[in-house]
């Protein structure tokens, strides 16, 4: 399905808009999940089952007084949350949510994703530094160290997929997984999946790897000095990361929008219907990961910093390397044999 | 046309950010300007159809190297430096003069012969798909496999060296 | 484009010496990381170099170039590689004691050294400016680390920082030069650049590229005015590191410079010669004169290294095979000599106190063997007959004279005479009885002493019977 | 873009000179170091332009290698700066001059 | 004649020199070890003993006419001048070689004991071995150039050994004096050599001796004269003798070996070697004889009043050398060599004996402070006594035979004045020698016996004394006078190598002269004994009444002072004025300023190395700009 420029624009707006919505409700979702796990009720006052809670929160944050520390570096202090949000958002541009429904497909899509993720760290780092507070600074340093460390393992995990797919285009990665669930990358690359998944926690600053903002040690970490709307932006960026990470996981390992055996039972169906089903499928899979993220957050305790680094460098990185080597070796043998 | 304008704007931004790097008061300003500069360069790479390099530029320079710089600047909590024109003394004037001379000499060779009319190299075959991942990958693992593999020695020794030097405890 | 595995295997075999050193470097790194048997490390390193040396010398490679023209495995690489490996082997014999004295990790040092040697071997076997650049960087980065190995010592830190900052700066110029050459000729392959030069007259871009590349090389060989780092780094770095980076680096860089010159200019180029001549003259004058005012022995050796860069550059003037052979001979002897001098100084220093002319007093009596070896080395550096330094200097001067650079030869002789002023001071201090009888220094171990004596023997043999080495160099060319 | 190659190479020369100027005038070791990175990048720019000009991959290959080497240099360089900072609480190159004369 | 092993003769002393030198370097660097001393000493001695044995075998296996030349290699070759390292082995050189190595060995052994406590022990033996090497080169040389090499070599060793105890100023002065005096002689020697080469075109002895006819009269005279001046330098004859007494500043074994037995006789040897050349010109021969005779008398008179035990012996040596030249001058070259031979024994014995005395007296050399040592040093005394008699020419001792033959030949040649001088000198010789012995060994003890406890030297030192004393008694029988045996061995042995102008006189004359000689010797000895043992007051009275003469002689005829005033002082005045005016005013500032400029420049230039990285990179950029400019605009 080819979309014209106008269609493209509409699609872009649609995708980012719904992403916005999803992020807002991810917060609500998180609170609900947390409540369930702790045997509470969770937000249920605003709207039906508290469904309007996110909007209330946003409204509240917008109305709060904006405080900027006097010693802060103003410009960067202002820019930092923006960088965070934007970097989180533009990753999504590469992700196809249904066949043909994507903002862009470039032949180095995977690299693009890696690049954007790696730049994402600037938001956090600069926020911490510009606040000119030691808690913030420590938080941002932890963030930069942690992100650089886990990016490597993440990249290595992706290399496995690229090797299998023989392409860096995200669309072709999804295509190559077909509608057969047994050909999805989670089956082909279980170790890679594990690594990527764990690294996602670190990249998204989620528990058990939320050291950059660990309340008990650093008050609020890099966003200690932020308030009002800017704080909301960080908050927003964090949940965007969550959604984006889940989407990427879905795309790379869970066949993306692919509906199991759709070629069998959906053969010849209306393509708009198929697209709709695919979008639903994608959202479903994504929500699964979102739920997993939350589950983990409310279950596991926080890592110690040195354990975090050890895990990254001593286990994930070698594991990733082994994964790449095994995958490449397997491909070589497969090539020669068949 | 649009490309031309885009190019000149990018070039301008690159120059301005470059100037900021060397005049910025705080190391962080310099670092951020440098990141901006790298983005500009990456953009020019894209214009030159070197997509792979453009993205690598972002990943390696902006995503890794500069983050490391920032990390160290924060770790050491470096104080503000003097800017170029604050306390502008003879030494700095001399430095500007010398750099100007250097640039002048490069400009002089431009006046001698233009780059784009520089004679074609021996391997002048037309090759439109130059900057793609595929072609880079192909050459990297055929003609350039030896330097490519040997680059790993540089990285390895850098890792060892950095660890040895920056390690705090002696055991 | 399918990869020809047979070709790959053949090419890999032809760079086997490099890979062997690399492999030993990796093994050393692993060993030091797992902290097993640190006493084994020098043995592993030494045997790695030895095997590599044997492979280099006795295994004939199937073709003169490998990896699609990236690598040149001809006799030049053999000569350059062998002298580097010989030096490395000697250094390994000596280093264990010195490292222990300085309280430096064993393993990492050896690993770094092995990586640096990998880079050097890459340099001398390069046939492409890319390989030259990568080789230089592979050599330099471990060097930076080696200079800063004494983490607690501010001088070591400082020397590492200076070396690093200026080194990275110089690498920028080297790279810019390579880029301009590439821009002008469309290739970085030395052979193809030479083809290009043979078919057309190069423009200004090319020449500026050559000039900028040369500045990068001049930095590495510490020629004036790119030399400022050398005395500081040699003084500040742990002596065990200075002993290697002052010698190995110089050997490799000079051999590479000769290689580039040889490949690019089969027809001697006046522009090249002019630049080299001016820099050589400046180096000889400034290096020797400044050394006169020094008291720290390592610093004297640093300036001596600057001065010798000038002498060695003289050999590049003629751009003939004779000149390159003279250069190879001299740089080999110089390397071994300076290595011996640094190593002895390393033994004579105690508790990190700098070795000055004052503290050297009387050590010739209390540390006889070391004193004799230092004396031999210094005499060789002076260029006085029974030592190899004389033969080297003679060959270089002869070559420069024959290529019509009489003025430079005279300058060389005059500055050599000036140099006696400070070299002699070292010997005099060695054999002067000190006012206080307290002598500070440790004796070298037997193993290290063997290495030092071996170096002294090489210096003596190369002076007494030069054909041993000249024959080797000319036969392998 | 080929019509801009002259301009790109000129841009690269300008950026290179800026890097040089930075190295000459800055006092902070890390800023100096960043200026060096600027120099290396400008050379990369020129290399890519030349590569496009000659339709030859070598330039881009070299750029990849340079990036790797730059990364390695950064690792070692920053380690050196850290170690010197630990001992002397400064990264100002004008204060670090124990070794002289 | 089997000369296969001859190479060892030359090589071993050299090897000993090198080996001991190498061992000594250890000392120099501080590996001091007393235990290495015997090794050094015996190694050096062995390096002389083996050549002696080899020479002995060659000697026993050869006949007088045998002569061979071994060429080792071409030393250098300039146009038609070819100089080989070649050695000539004939009756003369073998005899001399035996003497040098034999006595040399004894003195080496003696030195092990004598130098035992010296810190320059190894250095001493290194020099000694080098000396023997040089001396053997001199003796066996086949050509004048190689001889000159040895000649200079022994001169060098002499210098080194005289100045052995270099820490005292007068020792250095003596060494320098010896060296300079020798250099004057050497210069003349060189001129002589050039003159010969100009005529003969070769410098090998065979060529010279067989081509004497090529010379025209004056060239021959001048060549011979210059060579003879060279000989006077080396052999301490008038006018170049003054260095020898001063040379006694060296260790006593050195005086024995170099300044009595071997080196100083080199001049005589050289004259004998070139005897065909010398004897071809009568005026030349006359000059040689006159110089010899005058020196003999001159030195004998000085010897009469010297108080230093070694100085007396030194003047005696000068005097005896005069005898040798006298013999050569009258054409009795074999007899000159004979006297060299006998003299070597008794003079070496005397020196070693005096060494033993000095050793015993703890470095006391003044005989006025000795006396009565007979009972303390019995062995030294007896050997010294024998050697004194031999030197004085007491009948049937070695000195008697050789000296008497010289007197006879002088008489027979018709130079009665010379004969008169010589026989008077013989009387003086007997007197001053007995004076020496008496003052040393007889009479009262004139030293403080509480402070000094003389003791006999160890066997290592006395054994050589005995051997030498035996030689002093016996070797004379090798050359019995014509009246006793018509063919004496030494003349027969040497005749193939050396010219011998036979003297003609009746048997009666010969007997009479012999009786006169013996009588004078005995009379002299008696007078010396009588005067200096018991009648010291008589001596003092005599001195007082002839005080003018006494002072003249006591001050050695003011020769040193004259030389000082005539040559040294003007010379040093010129030097000083040149130094003050030319050098200090002009040259020194020139050089000094250059050096100062360089080191001042160094002090300036070092400051561009500011330690600041920015400075360094600034210079870097200057370099870059410079390089680009160079490359663009050349």
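Order of writing sets the chain letters: A, B, C, D and E. Residues in each chain are counted from 1.
We adopt the following convention: a residue touches a chain if its C-beta (ideal position, glycine included) is under 8 Å from a C-beta of that chain, and two chains touch if they have at least 3 such contacts.
Since the model is a prediction, treat every value here as computed from it, not as a measurement.
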Between chain B and chain E, the fewest touch steps amount to 1
Chains in contact with chain D and also with chain E, listed by label, are B, C
Taking mean CA positions as centres, which chain lies farthest from chain E?
A
Contact counts by the stated rule: is the higher one at C-D or B-D?
B-D
I'd like the most central chain, judged by C-alpha centroids against the all-protein C-alpha centroid.
C
Distance between the centres, which are taken as Cα means, of chain C and chain A, whole angstrom
52
CA centre of chain A versus CA centre of chain E: separation in Å?
106
Quick check: how many Å separate the C-alpha centres of chain A and chain B?
30
Touching two or more other chains in chain B are residues 52, 56, 64, 68, 75, 95, 98-99, 102, 105-106, 108-109, 115, 118, 120-121, 123-124, 143-144, 147, 151, 154, 157-158, 161-163, 165
Chain D touches at least 2 other chains through residues 9, 16, 19-20, 23-25, 27, 32-33, 49-50, 53-54, 56, 58, 61, 65, 69, 72-73, 76, 79-81, 83, 86, 93, 96-101
For chain A, what residues touch not just one other chain but two or more?
none
If we use the touch criterion from the header, which chain pairs count as touching?
A-B, B-C, B-D, B-E, C-D, C-E, D-E
Name, in rising order, each residue of chain D that touches chain B in their complex.
1-11, 13-22, 24-28, 30-31, 33-35, 37-38, 41-42, 44-45, 48-58, 60-61, 63-65, 67-76, 78-83, 85-86, 91
Quick check: in the complex, which residue numbers of chain D touch chain E?
20, 23-25, 27, 32, 93-94, 96-101
Give the list of chain B residues in touch with chain E in this complex.
91, 94-95, 98-99, 101-102, 105, 108-109
Residues of chain C touching chain E in the complex:
161-162, 165-166, 169-170, 173, 204, 207-208, 210-212, 214-215, 218-219, 224-226, 228-229, 231-232, 270-271, 274-275, 278-279, 286, 289-294, 364-366, 368, 371-372, 418, 421
Taking the touch rule as given, give the residues of chain E at its contact with chain B in the complex, in rising order.
614, 618, 621-622, 624-625, 628-629, 632
